[in-house]
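Chain IDs A, B, C and D follow the sequence of writing; residue 1 opens each chain.
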Amino acid sequence: MRLRIFCGLSTVLCCAVATAWASDQSTLKPVVNAAGKTLSFDWPMVRVGTAEYEEGPTGVTVFHFGRKVLGAVDVRGGGPGTVNTDFLRLGYDAPELDAVVFAGGSWYGLEATTAVASALKDDGIRDGGWMTLALSVGAIIYDLGDRRLNEIYPDKQLAQAAFRGAQPGVFPLGPYGAGRLAKSGGYFGCNAHSGQGGAFRQIGDLKIAAFTVVNALGVVTNRDGSIASCYRDPTWPKSLSAAELSAGLPDSRKPGWKGPSMQADAKRNTTISLVVTNQVMTPAELQRLAVQVHTSMARGIQPFATEFDGDVLYAVSTGELPKSEPLQITSADIGIIASDVMWDAILASQPEQPVAAQPDKRLKLKGDQLEPLAGTYIFSEFAKISVTARENRLFAQATGARDAFAIRRAAPVELLPVSATEFAVPGRYPLTVKFEEGKVVLNPGRWQQIGKRE
Amino acid sequence: MRLRIFCGLSTVLCCAVATAWASDQSTLKPVVNAAGKTLSFDWPMVRVGTAEYEEGPTGVTVFHFGRKVLGAVDVRGGGPGTVNTDFLRLGYDAPELDAVVFAGGSWYGLEATTAVASALKDDGIRDGGWMTLALSVGAIIYDLGDRRLNEIYPDKQLAQAAFRGAQPGVFPLGPYGAGRLAKSGGYFGCNAHSGQGGAFRQIGDLKIAAFTVVNALGVVTNRDGSIASCYRDPTWPKSLSAAELSAGLPDSRKPGWKGPSMQADAKRNTTISLVVTNQVMTPAELQRLAVQVHTSMARGIQPFATEFDGDVLYAVSTGELPKSEPLQITSADIGIIASDVMWDAILASQPEQPVAAQPDKRLKLKGDQLEPLAGTYIFSEFAKISVTARENRLFAQATGARDAFAIRRAAPVELLPVSATEFAVPGRYPLTVKFEEGKVVLNPGRWQQIGKRE
Amino acid sequence: MRLRIFCGLSTVLCCAVATAWASDQSTLKPVVNAAGKTLSFDWPMVRVGTAEYEEGPTGVTVFHFGRKVLGAVDVRGGGPGTVNTDFLRLGYDAPELDAVVFAGGSWYGLEATTAVASALKDDGIRDGGWMTLALSVGAIIYDLGDRRLNEIYPDKQLAQAAFRGAQPGVFPLGPYGAGRLAKSGGYFGCNAHSGQGGAFRQIGDLKIAAFTVVNALGVVTNRDGSIASCYRDPTWPKSLSAAELSAGLPDSRKPGWKGPSMQADAKRNTTISLVVTNQVMTPAELQRLAVQVHTSMARGIQPFATEFDGDVLYAVSTGELPKSEPLQITSADIGIIASDVMWDAILASQPEQPVAAQPDKRLKLKGDQLEPLAGTYIFSEFAKISVTARENRLFAQATGARDAFAIRRAAPVELLPVSATEFAVPGRYPLTVKFEEGKVVLNPGRWQQIGKRE
Amino acid sequence: MRLRIFCGLSTVLCCAVATAWASDQSTLKPVVNAAGKTLSFDWPMVRVGTAEYEEGPTGVTVFHFGRKVLGAVDVRGGGPGTVNTDFLRLGYDAPELDAVVFAGGSWYGLEATTAVASALKDDGIRDGGWMTLALSVGAIIYDLGDRRLNEIYPDKQLAQAAFRGAQPGVFPLGPYGAGRLAKSGGYFGCNAHSGQGGAFRQIGDLKIAAFTVVNALGVVTNRDGSIASCYRDPTWPKSLSAAELSAGLPDSRKPGWKGPSMQADAKRNTTISLVVTNQVMTPAELQRLAVQVHTSMARGIQPFATEFDGDVLYAVSTGELPKSEPLQITSADIGIIASDVMWDAILASQPEQPVAAQPDKRLKLKGDQLEPLAGTYIFSEFAKISVTARENRLFAQATGARDAFAIRRAAPVELLPVSATEFAVPGRYPLTVKFEEGKVVLNPGRWQQIGKRE
C-alpha cells in the first residue's frame, strides 16, 4: 500500500506556508468544444459539452440529458473520486439524474461536478424544490504529477462553460475534455498519450452510446490482442501482445531484463466511463448493465481495476424506448452489445502518438547562437529550468521544486540541436525543446508546456 | 416513491429560460465562527470552522484534521448527497483524509466539499502529487424549499472562509454552520428549528467527539423518551412521547384526528454526522464504529433513516493513541460510549424555539398608520408579498411564484397588530411580520427573512 | 478485535484428533411447533414452523411463503452468518423467495437454511428448472459456548421437520424455534434468557408482521427506557435504565465499581429479524423498509449492531395488496409503522426469567443422604462434573474439558441443599442442581441440562 | 428480466403434490478425487478434495486450508448462490476462514458448504467456542435443467466425503468436482462441456494459485482471441473469434441469420472462482485482489458477469509469507500476475469435447434386430423415453414430464444406426444412444445418462 508524506502534527507550520502556492485560475479562458476527430450520433436527449484550459492542459466533459434520467454506478478501482454515487445506489425508482460530469484534476476536479448542478439552478432548469433539484454525478482522472509542470485543475468556470456549450450528437475523440491529458499503459512503461473515446450503435429504435476517458495503468488493447498505444521499450519484439506483457511478469520488473518495466511515477490513473441506452430499464436491469459493461472493459484495457486505478462507470437509461413484447433484444443482449460498443469507445480514445524531433548530428551551433537562449524559464510556482550554453553546447537543468520531464534537478542534460531554435533530449519518451521569443516550449503541439523567461 | 416535475423533452425551451433566475452570490459576506452556546474540547488535531450567509440563512461546517487521518462512512438515508465516499469504501489502509465538510443547500451545497480540497491546495498544505493530494469528503442537508424565501447555497467562497477560520476546540451549538437552517420533526408536523450539535468525552487518554447536523424527518428524543423540540399540535396531550407518536400511526394522518399529522411539505431532510476518536483503529474497526454509532442514533431521532432522510455518518480515527494491552477500553466499548456521546450531540443541536409575537386584541390601528406599510416587498426572484390596508386592517398575500410561509398566494391573510409596526399571523407555526424602513422582516431574529420594498 | 486460537501449521495433528468429538444427531427427535404464549395473526400467505432438539436445547424457525415473494436484506452486525443474501442484493425485480430460515447453532446452523430448499424440492413444490428453483435465505444465532454443555446444532432433519410443520397464523413467543436458547444483555452482565418475538398489525387491507430472534449483546429496552430483562447486579439502583447503563461506561468495567460489568464470556450474540408486508413494493422500497426497520431496532435493543452481534434483517413483500392512489398510507408510513411493530416483537421475545431455588439454611443433610448422589455425571464429550460428599456437605467440580456454569474446573464448589435431592449454587446467575435416578439436572425447567451418571 | 412460474395462491394444492418427487440420495456413492489430467502444486497449506455422484453427474470441490486464513469475496453475477459472504465483507481483520466449497446443484448444492463446517466440527478440528468456530464459505453452479435427466444434487454426504478426502498439491482438471457437469458458451449456442480449471505460479517464495469452475454463459477465449470450446454452428467461418461473435449481435438472434444464435434454454450459468496467495495481505489489499482478478476474467470468458451468470470469486491469503521491504513484487503486481494465472486456470478447465457417433448410412438393421430394443426407459421421476421399432427403423420419443435432449415429447425422432446397438441423432449437439442389457445409455462416456428399462 501507499505511504504518504504529510504535514504531521505541526499544522500551524503547514498552514503558514500557504498562499505562496496559491494559483488564481480566474484569468484562464475556457476553450469550449474543441475537436479533431469526432463521433457523431443521432440522439437529441444526450448533449455533450467539453471545455479545456490549454494552460494545463486539463479539461472537463459534461453529459447533460434532456430530462431526468435513471442512473446507476459501478465503482471498481482502488482510488476513485466521485460525487453523489450514494444517491444512485440507495435506490429510488424514479429518474432523478440530470448530468454526468467527467474531469481532470484528480480530487480537485470534482468541483466540475458540483458546478454543473449550480449551473442548472442558475440557468433556471432546476431549482431548490424537493422535486426539482439538480442532480449531477461525476468522477475524475489523475492528470497531475510529473505529466505536466503546473497544477491547474478543472474548476467551476470551466465546467459551467462546458455545460453551457453542450450540444447533441457530437463527441470529440482523443485529447479533449476530461481526456485532455490522459495517459495509458504506465504499468508497462508505455506512457502513451490517451484521451476520451466514444461509440454509438443503433439497432432499430434501440440506441446505445458508450463514452470513456481512458487514463489507465493498463495498456489499451485491440480486439486481436495487440497493443493499441505505447511508447514501446526498444528491446520489445514487434509482435508483443498485451497478454504477453502480463505473462512476462515479474521478470519484467527486474533491472536488466529486456522486457517491459514499470516507471515508479506511472502509478497515477483512473478510467471513467458512461454507457447510455434509450431502453426503459428497471434499477436492477440498469445496475446489471453497469456491472457487465464495466467488467467487460478488462478486455480493452489490460490490466484493469488495479489498486492504482479509480475506475468508475455510470449507466443511464433515458427511458425513451418502451419495452415491447416479444423482445427482439433482451436486457442480456443489451449488456453484451453495450460491452462491444464500449470496446469501440476505448479504441477511439487513443490519439496518434507524437513523434519526437530528431537531433541533426551534422548541425553544429555556435556560442553566439546558443547564448541568447540561455536563461531561466518559469513554468509554474514549482517548476522552472535553467538553460546554459557552454563550449558550443546547450544544457538544461531543472531548478524549481520538481523535475521537468527529462530535464531533472539532479544534473544538467544536454539539449541536442534539431535546428537553430529546436532541440531534443533523446530517450524512450520524446522531449522536444523549442525556443521562441521570451519563452521555451517543451514538446510543442497538443501536449506542450510553456515556460516564460524570467 | 416520489414523482418529479421536469423539463421533459423540450430541452431547448428549458435552457432558453435560463439566466432569469441566476443569482450572483459573489457579493454575499461570509460570517465566520459565529456562535451562541459552544462546545469546548481539548483536541488540537480537530479544527472546526463555520461560515454562514445570513441572507439565506445557510451555512457550512468544516472539520479539518491536523494530519492525514483514517476515515470510514455509513450511508443509510434514502436521499443522500455525498462526495468521495467511494474512496473511503474501497479501502486503502493508509490514512488519507484531510477534512469533512457539512453544508446546507442540498446537492448545490456539495460545492463546499470540493472547495475545501482546493483551499488545501491553494494554501500549500496539499498539492497535486499522488502522495500529497487533498482529500475532503462531505455531505449536505436540505434547507431549501418552503423554509425560506430564497435559494442561496453554501458555495466555494463560504466554504473556504470556514476552512480558513477553522480553530481547535470550539464548536458552535444550534443554528450555526451547516445547521444554520436545519429543522426537525416534520413527519409529525413539529417543524422545530434545529441545528448542529456536538459532544466530547475524554477517558484517560482516549478522546471521542461526536458532531451532527440534525435536519431530521423524525423528532429529537430525550433519553427518557420525551420529545425534545416541537411546535406541538395544540390537541396533543402534554406528556406525549416520541414512541407514542409512532404508535399513533396511521390514524395520525387522517383528517380530523386529534393526534399528530404530517405536513405534505415536511419531507425535506437529512442528518449528517461525524464521530472522531484518537484511538488507532484498523479500517474494519472504524467501519464498525461508523455502523454502530449511526444505528444508535435511532434512539435520539425517531423515526430515523427514512426514505426522506439522506442520513450519512463519517467516522474518523486520528490515530494519536496507540492500542495498549491489556485494553481497559475495547473497540466494542468505544462503539457504545461513542453512541452515548452522539446522543448528547443530538440533544445539544436543539436551540430554544422562538415564540411568536402575540397580537394585542385591544390595539386598534388606523388607516393612516397602516397605509404607509402597504406595498410590495421582494425577497427573491420567486418570492414577494403584497401588503394592503383596508378598513383599518392590514392584509398580506404572496404575489411571487411561491407562498411565503402562512402568507399564501391563494388568498390574502390578515396581519394582526402586536404593535404599530409589528404584526402576527396566528397558527401552529409562529409568523411575525415586522415593518422597518423600506423593508419587511418575517420572524425577526435568528431565522428571519427580509423583503425589500419594491 | 478478536484473537483466535487455531490449529496452526500442524494440520496433520489437528486432523488426527478427529472423530473423537463427532456427535451423531440422527437419533435426536425434533419437537415441532411447541409453544407457550403465541402470536396469532390472519395471513394465509405467511406460514411458520418451529422445531427444537430439547437435548441442546436449540432450534429452528421456518417462514414459508405461499408463493414466490420479493425479498431484501440488511446486514449490520460484525459477525453474521447468512445464506443467499447476495442474490437478494444483486437485484432482480421478480419475486423469487420461498422461505426465510432462522436457526441456532451459529454457522453450523446454516444447514437449516439449505435444508429447506431441498425439502421444497423433495416435496415437489420446487424443482431444478431455472424458473422453478427453491430459494431459501437464512441466518443464525450463537447459542453455543458456555450457555450449554453440548454442541448439538439445528440440522437438516430438524429444519425439514419445522418446514413440514409450518402453518399459517401462529407464532410461538419466547424460548422456541431459533430462539430456544437465546440470551440478551450480556454486555452489561444481564445474561437474561431471551427468545423469539413476533407482532402483527393490520390497517385496512394492509398487513405488517415483524419477527425477531433476540440474541443481543445489548439489553432489551421498554418504550419508557427501562430494562425489560436482566439478571441485575445486586448493587444496581432499582430504576436503572438502559440509557443509564450506557452512560455509566467505562467506569462500569473497572473492578470494584458498583455498576454493571461485562462478562468476558458474554460476547456471543446476533439478532435476526424478518419484516413482512402484503403491500406491493419495488425492490428499492423494500430495501428502504429493511434499512429503516433494522435501524429502528436500536431503540428496543441497546446497544445494537456491535462488533459481537451479527445482526441481519430480511424484508419481504408478498405483493398481495396493490398500490392504490391516492395512498392513505405511503411507503414512508409503512416504514415507521413496521418499526413500531418490530419494537412490539422485540418485547414479545422476552420470557419470564426463571428464579433460582433458594438453599434452606436450616436443612442439614447427612452423609448417607449425600453419598448416593456422589459420582461422575456426563453431559457431553467435553462436559462432565464430579460430585463428592464430604463432612455432610456436597461439592461439585467440573472434570471435563470445560466449566459447567458455576461448577468450574478450577476448584470444587459447595452445593447448598434446597431439599434432599435439590441443591443450589447462589450467585447473580441462578444454578439449581437436582438429582434424579441416574442423572443430574442443572436448572430444571425450560433451559435444563441433563448429565447422565457414568 | 426473468419471469417465473410459481405455485401462486393455491399453496395447499402445491404442497399436496409433495413426496411424489422426493428423491432419496442416501444410497448414492461418492466418487472421491477422481481425475484425468491434474494440476500439481507444492503448497501443503492448500488441500483440495473432490467428490462426485456419477448418477447425476454432479459434484463438489472443497478447499481446506491448514489454518485459519483471511478471506474476501467479490460477487458480480446476476444470480449468485452463496453462503457466509456477509461475514467476509463486514470485515474483521483476523483470519477466520477454514474452507471454500464449490458445488453443482444450484441453490440445493449450498448444502455442501454447510456440510464442511459441520465436518470440521465433527472431526474435532473446530468446535462451538466463539474463537474456534468453523467458517466455510461457498458458491454453486447451475448444472440442472435440460443438461441432464435427473435432479441429484451435491449433499452433505458428498461434501463431507470430499472434505475428508482433501489432499495437498493435486487438483483435477476438467469435468470433476463442482465442474462435473459444467458447460460454457450457451449464449452463442456453443453448449460446450466445461469443467474446473486450476493454475499455479511460484515466484521466489511467493505462491499464487487460481481455481475456477467455468459454467459460463460466455465462451471460453484463448489469449489470441480465438474460441477455446464450442459446438460451433456449421455456418460459422473457421476463424470466428469471441470478439467477432459479440460484434455480430444482434443479427445473430434473428431467425435465418447465418451467424450464432442463442438457445432459449442456455440461460443457466455461473462461474465460481478462488484465488489464493501466501503473501500476507491486509483486508483492503485482499479485497483489491478479488476485484481485480475477477474483473480480469472478462478476457478469458466473453461475455462475463451477465444477468444469467451468478459469478462469485473468493480471495484468500494464507499469510505464510511476510511482507519484506523493499518489495520486489508489490500487491499491484500480484493482482496482475494472479489475473494471468486465472486465465491459465480458465483455459485448463476445458475438456476435449466428445465427438458424436456417426450413423453408418449403409447399415440396414431389420425389425427383429430393432424390436428387442423397443420399450420404455426411465431416467428419473420426470424423464423417460419410449423407443419403438417401425418399418425397420427405430424411433424414440420422450414420454415423461420433460424432453430428453434431442428426444422430445413433441414427436418421435429417428435413431440412425451406428452399429447394431448404437444409434445417433444428428445435429449441432451430438446425441448417441446406446442400448445395453436392460438399459439405454445416452451419450456414453463422461457425461452419459442411463435409463433403466421399465
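The working rule: a contact is a pair of C-beta atoms (placed from the backbone, for glycine too) under 8 Å apart; a residue touches a chain by one contact, two chains touch by 3 or more.
Keep in mind that what you see is a predicted model, and the values were worked out from it rather than measured.
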With respect to inter-chain C-beta contacts, which pair, B-C or B-D, contains the greater number?
B-C
Return the chain whose centre of C-alpha atoms lies at maximal distance from the corresponding centre of chain D.
B
Find the geometric centre of each of chain C and chain D from their Cα atoms only, then give the gap between the two centres in Å, rounded to an integer.
37
Centre-to-centre distance between chain D and chain B (centres being mean Cα positions), rounded to whole Å:
54
Expressed in whole Å, how far the mean CA point of chain B lies from that of chain C is 41
Going by the contact rule already set, what residues in chain A reach two or more other chains?
1, 78, 90-93, 267, 282, 284-285, 288
So in the complex, the part of chain A that touches chain C is made up of which residues?
90-93, 282-285, 287-288
List of chain D residues in touch with chain C within their complex
1-9, 11, 14-15, 17-23, 44-45, 47, 66-68, 75, 77-87, 89-90, 92-96, 106-108, 110-111, 113-115, 117-118, 121-125, 127-136, 142, 144-145, 151, 153, 155-156, 267-268, 310, 312, 382
In their shared complex, chain C is touched by residues of chain B numbered 1, 76, 78, 187, 203, 223-225, 241, 243, 246-247, 249-250, 253-254, 267, 282, 284-285, 288, 291-292, 294-299, 302-308, 328-329, 331-333, 335-337, 339-340, 343
